[in-house]
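Each of the next two complexes has chain A plus one other chain: chain B in the first, chain C in the second.
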Partner chain A sequence: MSSAAINLELPPLQNPVMKYLRQDRIPHIWCPGCGIGTALNAFIRALDEMQFDLDRMAVVSGIGCSGRVAGYLNVDSFHTTHGRAIPFATGLKLGNPELKVVVFSGDGDLFAIGGNHFIHAARRNMDLFVVCVNNFTYGMTGGQVAPTTPLGAIQTTMPYGNFEPAFNLPYLADSCGAVYVARWTVYHIKQLTRAFKEGLSKKGFAFLEVLSPCPTLYSRRNRLGDGVDQLKYYKEKSVVKNGADTREVELSFQGEIVVGKFVDRERPTWLEAMNEHLSQRLGLRYQPYGVRHED
Partner chain B sequence: MAEETAKKPKGTIILNKEICKGCSFCIDFCPTHCLEFSKDFNRKGYHYPILARPEDCTGCDLCGLYCPDYAIFGVRFRDLEKLAAAAPAA
Partner chain C sequence: MHADPKGVLTGLHFMDGDHAACEGAIAAGCRFAAGYPITPSTEVVERFAARIPLVGGVFIQMEDEIASSIAILGAAWAGQKVMTVTSGPGLSLMMEHIGLAAMTETPCVFVDVQRAGPSTGLPTLPAQGDMMQVRWGSHGDYGIIALSPNSPQECFDLAVKAFNLAELYRTPVFLMMDEVVGHMTERVAIPKAEEIEVVPRRWTARKPGEYKAYEPGEDLVPEMVKAGDGYRIHVTGLTHDERGYPAMNPQAQDRLVRRLVEKIRRNAHKLVDVRGDHLEDAEVVVVSYGITSRIAAAAVEEARQAGRKVGHLRLVIVWPFPEKVVAELAARVKAFVVPELNLGQMVYEVQRVVAGKAPVVSVPHAGGTVHQVDDILQKILEVAP
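Take a look at the complex of A and B:
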């Protein structure tokens, strides 16, 4: 009764994230209990808290459930072909070096189909922020085994359990040369928002892995309950180890999850390296590219 | 009377029940456990959350942070005037 009385006095308020979304497309297609919406929520909150200039950013997604993010965010966004989010983002960044380009995609898109692009963008230290929503499976196509599926997990194409070793994504990003590597789950919502802020303000190749439940395919095949049960598992089994050695943060089936900010270092980005090298070789004949001139 | 001894609520939730999918993230992770599933369904057939113990709600907006469908968010009463000023005219 009292809540009704309170609600009557409220002015018409809108959810603070709604102004960042294409509202004609809401409700979105993600399943009940899926964590991608929560990850996007944290991303929008980070943009909101930073008062980020939306005209100076672009979001690029690949194919898959997480690839829908580009369609829902009301910023300049592009939904690329499968696995090619990073090459498109690289071109976007080099075409307009003042943009902050965010790649928001899934584990299958970034590491299976686009794995090659990921390692080369990290090697070059291209100035991108790559967010990988890792739900351990190919969600949109029916739950096939992904390069991140932990050993022993049952998938549509692995009915007796997965026997392929999975990628350790933070170790892969670290060894390829990413300057910022972090992993959080959608349960760690405050830390995730902070990691999004750090990734958005980091110069160079920043990589953030977000563990997210897939209740319809991964959890159901493995009889792990609903999305909220996966969040409770993240709550119980995750250990925060900032600065942990990325070789030791491998995931196992329903085992311990090491979360935290693993790598934060400085390295010249691809554009900086090119400008410095060519200025040395060509001297005044070379006009540095992508540098704001004072004149 | 009971109303005089009751705790004064610090905040409340605002819910757009038609876009809720009943994932129960907000209900399970509410720090003061003031939310519960409704008995009713929304238009799509999901049970949406209701503020079962409004006196416990602090308006911390953790439900709004967790919500994957952007259906719920919390407000503190002390921030209401500021929010209403910033809100677009409805």
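Take a look at the complex of A and C:
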């Protein structure tokens, strides 16, 4: 009697992303249909595919729904004040240049209250990877108008529809000097994961905009359905244009979404510029800062 | 532990208070500073920017005081000793991060070279108008430490002490200078590195897994780690538990915030730094701090020459307020005189502690210059028997 070999492919006992999360902090606070978890998932997949050394990185967030990302990731993580994740990250990076420092926060946090810090960090080419989850609204506080809210969209503080023009985030990042600029939506899982890998590998100020539904406060108020309806919108209206002129990637209410990698260039980081300049000026009296000396 | 000789300019110098404060910071081990230009404090960071490349550290001029005051917190969590430097309007902008530093127990030093306010006020002229702001300025309850130098020499000495206290208590520490002390040039003696006591960070000896980021020690201060050490810490300005995780309930709030206040209050007896003159037989005591103490000292000498039994208590550490010292004096003297370059701030602390046992008389001054000796002398003569 022969026994037929039964080849059972068992599913993994645990979701591979779980080891990257602080499991004692789950469940998370995000609403059903929210895209922040998907963005975080793509980030973790990127870390996993790269086998990134988690003890060589830190994640910094500001305040808001996306600001909670830092608290769920099982890395050194800092949940700072509203709008100030970038200057905290700047200090962290300069305090220990060997760390890869990632800023993960929302559009209101990074571009309204934190806008000044964003443009200056990009100008300096501070070696940070800044990820903005853009859901067009202030989710945590109940759906107020953001500097990214499209014209015409209804928000609690724009009850008759928004009449303020929105920032075109990739153009802003590009014009301030970011060395890497990309935009994807949470529908584009594969491209998004690749963009996270590129951002993590890039030296200098890298910027990734991730469009994400806020079904509770943006979609509902604008009668756009639920999270799945927003994903369908992303699917139908997204156009991939790698290398697009960032002046032409402006978003509009339910209009076309240009996605892709728009900028990928090289220029010296703040620290490289400081080290090179001071070495020239001070000669041997200056020992480059943050450069590991092999003994 | 002693200072790293690399950062110490041992010798006799003729130096202003701003520069001396910078040298004190470097001697204490500060290797990261962030700042934004503001009169009359800018010379501190100008000197730091020139000196620190030769010592092995970083200065960055940030886009504003808000950014400066949080960049230093990031650098502290990378393991650095850190400071920022500012004056009135900048200090007002930093308030939220003073709260974040207190809440996350991040060792850091704020140098405040006070100028007359409110608002833009008199940018180039002195005041002592920020004394209550540094104690109470950020929202919620927390404790801080503040020191008040009255000479360039003390700007150096107390800068070192400020860094040491920041490490010991993991709290923001303020060096409360003023425009006159900052811009006054005097002899500054910088000791040899081995004569400068420097307190290292209270690193934990525990391994990852055994360590909780906010588990307090006996003196209520937790041990610290830094990013990149493999501990996978979470640091948040939200109310948190001993692991550092957000804990949104009144019990966690009570436990955490009470400790933030108590770690200073319960250790206040170790934080007394006052100088007394003629206190033995004093019937009237002048209480002063900072630049005002130099004018007060002259007034006290004149009053004594006129036969009045007057003493002088100078507060070097202003916060926590030396309650025990003042209460003991209140039990035996007839009156207190409190001159300060504001319209009454620390005088309320003196009144609170004296608790009606003796009259407490304010000698207010709106700032812009210092008191005349006569302003203080007149008040002494009014109350002295």
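One rule holds for everything that comes next: the second predicted complex is superposed on the first by the 283 of 295 C-alpha atoms of A that agree within 3 Å, B and C clash if a C-alpha of one lies under 4 Å from a C-alpha of the other, contacts with A are read in each partner's own complex, and residues count from 1 in each chain.
The definition used in the following text is that contacts are C-beta pairs under 8 Å (C-beta built on N, C-alpha and C of every residue); 3 or more make two chains touch, one makes a residue touch a chain.
All values derive from a computational prediction rather than experimental measurement.
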Review point. Can A:58 be said to touch chain B (first), chain C (second), both, or neither?
Key: second
Exercise for review: Go through the superposed model and pick first if A:282 touches only chain B, second if only chain C, both, or neither.
Suggested key: second
Review point. Looking at the overlay, what does A:154 touch: chain B (first), chain C (second), both, or neither?
Key: neither
Review point. Is A:90 contacted by the first partner chain B, the second partner chain C, both or neither?
Key: second
Practice item. Pick one for A:116: touches chain B only (first), chain C only (second), both, or neither. Key: second
Practice item. Would you sort A:28 into first (chain B), second (chain C), both or neither based on which partner it touches? Key: first
Exercise for review: Tell me which partner A:77 touches in the superposition: chain B (first), chain C (second), both or neither.
Suggested key: second
Check your understanding: Can you pull the chain A residues that chain B and chain C both touch?
Key -> none
Exercise for review: Sort out for me which residues of chain A touch chain B in the complex.
Suggested key: 2-3, 6-7, 10-18, 21, 26-28, 30-38, 40-42, 45, 187, 189-190, 193, 226-228, 231-232
Study note, to complete from the structure: chain A residues touching chain C in their complex are 22, 24-25, 54-56, 58, 60, 70-71, 74-81, 84, 87-96, 98-99, 116-117, 120, 270, 274, 278, 282, 285-287, 289
Point to revise | Residues on chain B engaged by chain A in the complex (per definition of touch) | key: 6, 9, 12, 14, 16, 19, 21-25, 28-29, 46, 50-51, 54-55, 62, 64-73, 75, 80, 83-84, 87-88, 90
Point to revise | Residue numbers on chain C that touch chain A, as the complex places them | key: 32, 34, 53-54, 56-58, 60, 62-64, 66-68, 70-80, 82, 96-97, 100, 226-238, 245-246
